Amino acid sequence: MKVKVSRRAHFNAAHRLYRQDWDDKTNQDVFGKCNNPRYHGHNYELIVSVTGPIDPETGFVMDMKVLKDLIREEIEDAFDHKNLNEEVAEFKKLNPTAENIAVVIWNKLRPHLNESLELEVQLFETPRNFVTYTG
Amino acid sequence: MKVKVSRRAHFNAAHRLYRQDWDDKTNQDVFGKCNNPRYHGHNYELIVSVTGPIDPETGFVMDMKVLKDLIREEIEDAFDHKNLNEEVAEFKKLNPTAENIAVVIWNKLRPHLNESLELEVQLFETPRNFVTYTG
Amino acid sequence: MKVKVSRRAHFNAAHRLYRQDWDDKTNQDVFGKCNNPRYHGHNYELIVSVTGPIDPETGFVMDMKVLKDLIREEIEDAFDHKNLNEEVAEFKKLNPTAENIAVVIWNKLRPHLNESLELEVQLFETPRNFVTYTG
Amino acid sequence: MKVKVSRRAHFNAAHRLYRQDWDDKTNQDVFGKCNNPRYHGHNYELIVSVTGPIDPETGFVMDMKVLKDLIREEIEDAFDHKNLNEEVAEFKKLNPTAENIAVVIWNKLRPHLNESLELEVQLFETPRNFVTYTG
Amino acid sequence: MKVKVSRRAHFNAAHRLYRQDWDDKTNQDVFGKCNNPRYHGHNYELIVSVTGPIDPETGFVMDMKVLKDLIREEIEDAFDHKNLNEEVAEFKKLNPTAENIAVVIWNKLRPHLNESLELEVQLFETPRNFVTYTG
Amino acid sequence: MKVKVSRRAHFNAAHRLYRQDWDDKTNQDVFGKCNNPRYHGHNYELIVSVTGPIDPETGFVMDMKVLKDLIREEIEDAFDHKNLNEEVAEFKKLNPTAENIAVVIWNKLRPHLNESLELEVQLFETPRNFVTYTG
């Protein structure tokens, strides 16, 4: 009797899409205005979902306060009001596309969850563009 | 050619998280302010999804009016403007966490649907906390 | 050059609409299922707006962190996960309709704001029912 | 390391649910007010999701601008501000239920995507009624 | 001590923007694809707001069930699943722009409300286009 | 018979709150993490509202396509995917708070509208923080 429990969070950050090992023209051709060297930014909305059996003692799959605190410590404190390219270690050499950010978030949260639980990360770059990663 | 059809509904209810067989301190430690003995409440948003083949006659997986009426009769009429702990039979001895409410809703709807159809229940306790149960 | 700045917050609470000085039948006739003596509840969404001139030094009408903290201390801490009728002093003798809750919130916030600022309180009882009070 | 990327779009259209080969009474019995012979309409919200591996070069599963343009050319230009029954070839003989519209959208997009990518179409007829098709 | 109380409702309808007394080219030049002679449609979202003093007896400006029923009888029953141009008397000779629909709704509701109450109608043609009329 | 017509738009941008004429400590004390020298960013949602009489010829206060194009040319093209502090002339010496951005947008749009029309600008920096300016 598995249930998926989901928690919504958010952070505001600046980013730029580009590759250091490409020349300017290639970066511009592939990433367009997302390649603005002076950055742009987003209100990222994040939904973290954990799937597992309901604990018959508590009626919880997982205490939502614990999940909320985990997201705040691992993700919000690390990403909120930051420049992802310059200030977040994971993106020093990794292009901060929505896809890559979702994978980084998943990798940061995974070690803190019981192995029996499944993890899904959904990241909205804008209300119209979003990605989902399940490991 | 299976399609999932989804219908959104809602109900407002009071609840309290606690176990009768635990002492006050344990209830408080585990459930925090959700254990307020005088209750608190939520606008629960509910999405019921049914998956099955499209009926070639009607173009429907299932008539949405039938699904809407089923949700109203089985769930809204039973839960809306109620105190879940005190007035809903299923929670007399079951802690009304979002997880347990979703399972109860699924169990109440399942017998009314054709066996060939799959059922999913998604319940938003708040816009930030929600659960999904598929049986 | 006046600007209105708005901040959204929320709290979950239980309530019941009724008057102690009315008999049961009158309460039921007037308030219907909102009169359930065992309470029901809502996720209240609150928008607090403050109108005034932009401070030429900061570019702020008012520091949103200050407004956010004020709402948390005066409203969220007092109302969240509470039974409004039984646990919030202002509603001991005042029917906690959305209208009355909005007025109470306005009255609690008003003394903490500079007299030159205008205050508006908008309270969503549900996404479909909401009220606005400007003093 | 597969990721699902999603793009939201929308179109406004008129439609009517009925079958030419049924008599008026049967159409009315089955489709109710959705059978209004003078049509009614919707703001359709569409979410198109593509699942595949992240391209290590770009950090994209698929360039969202390409997906956005594909949706505009294949779906929005064909359906927006149209009468689905009378002006869209696919519905000349197919009842434009949400289910059938989702399948038609999926079939129109599928040939334009690399075979290695999975495609999901989610169509909101209203905020309360929506369908999901994955082929 | 006046409060504004608001109620959200919705209806789905088909319409076409054009004037019978203009030639086809002028209609097309002015109304573009909204002039499609076979109609298109919308999910109209409607917010009706009534402003007045709080009744000290009930704590209501106006019973929301009464307002909800009034909107259903006067607006939803008249407009939902209808072709506004062909089936709603008010638009036989009046172009059903969002502006005109809002004025018609205001005029239909006004006689049913106490003279001491102010009325505001807000109509969303889409989530991006909306109008507000206060008489 | 005046009606307010509103159009929603959006742009993504990076910004930083600070004053060049203040020292680092003062900037940090007043603007906190919004003062990050490497910038952060937002998905700004913008609602532009124009109030005036309905043109009896068209049924419009103003053609929404004209308003949509005006917002795109004057605001979206100037602000979208930009660093407001470094790349938008108006903020070279003006702190890009939500208040100041709203005033700048109002000043950019005002000259393009007929004098008889009133203009309101509402800017959401996040879904929880927003400002309104009416001139």
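In order of appearance the chains are A, B, C, D, E and F, and numbering begins at 1 in each one.
Just so we're on the same page, a contact is a pair of C-beta atoms (placed from the backbone, for glycine too) under 8 Å apart; a residue touches a chain by one contact, two chains touch by 3 or more.
These numbers were taken from a predicted model, which means no experiment stands behind them.
Novice: Could you tell me the least number of steps, going only between chains that touch, from chain C to chain F?
Specialist: Shortest path length, in steps: 1.
Novice: Between chain pairs C-E and D-E, which one is joined by a greater number of C-beta pairs in contact?
Specialist: More contacting C-beta pairs are found at D-E.
Novice: For the copies chain B and chain C, give the interface type as same if over half of its residue numbers appear on both sides, and as different if under half do.
Specialist: Same: when the shared numbers are divided by all numbers used, the fraction is over half.
Novice: Express in whole angstrom the distance between the two chain centres, defined as the mean CA positions of chain E and chain F.
Specialist: 29
Novice: Provide the C-alpha centroid distance between chain A and chain E, rounded to the nearest whole angstrom.
Specialist: 41
Novice: Would you please write down the residue numbers of chain A that are in contact with two or more other chains?
Specialist: Residues 127 of chain A each touch two or more of the other chains.
Novice: Can you name every chain pair that touches?
Specialist: A-B, A-D, A-F, B-C, B-D, C-E, C-F, D-E, E-F
Novice: Across the complex, what residues on chain F touch chain C?
Specialist: So the residues of chain F touching chain C come out as 17, 19, 30-32, 94-100, 102-103, 127-133.
Novice: Which residues of chain A touch chain F in the complex?
Specialist: On the chain A side, the touching residues are 10, 12-15, 33-34, 36, 38-43, 80-83, 86-87, 126-127.
Novice: Show which residues of chain D lie in contact with chain A when the two form their complex.
Specialist: Going by the criterion above, the answer is residues 1, 3-9, 49, 54, 57-61, 63-65.
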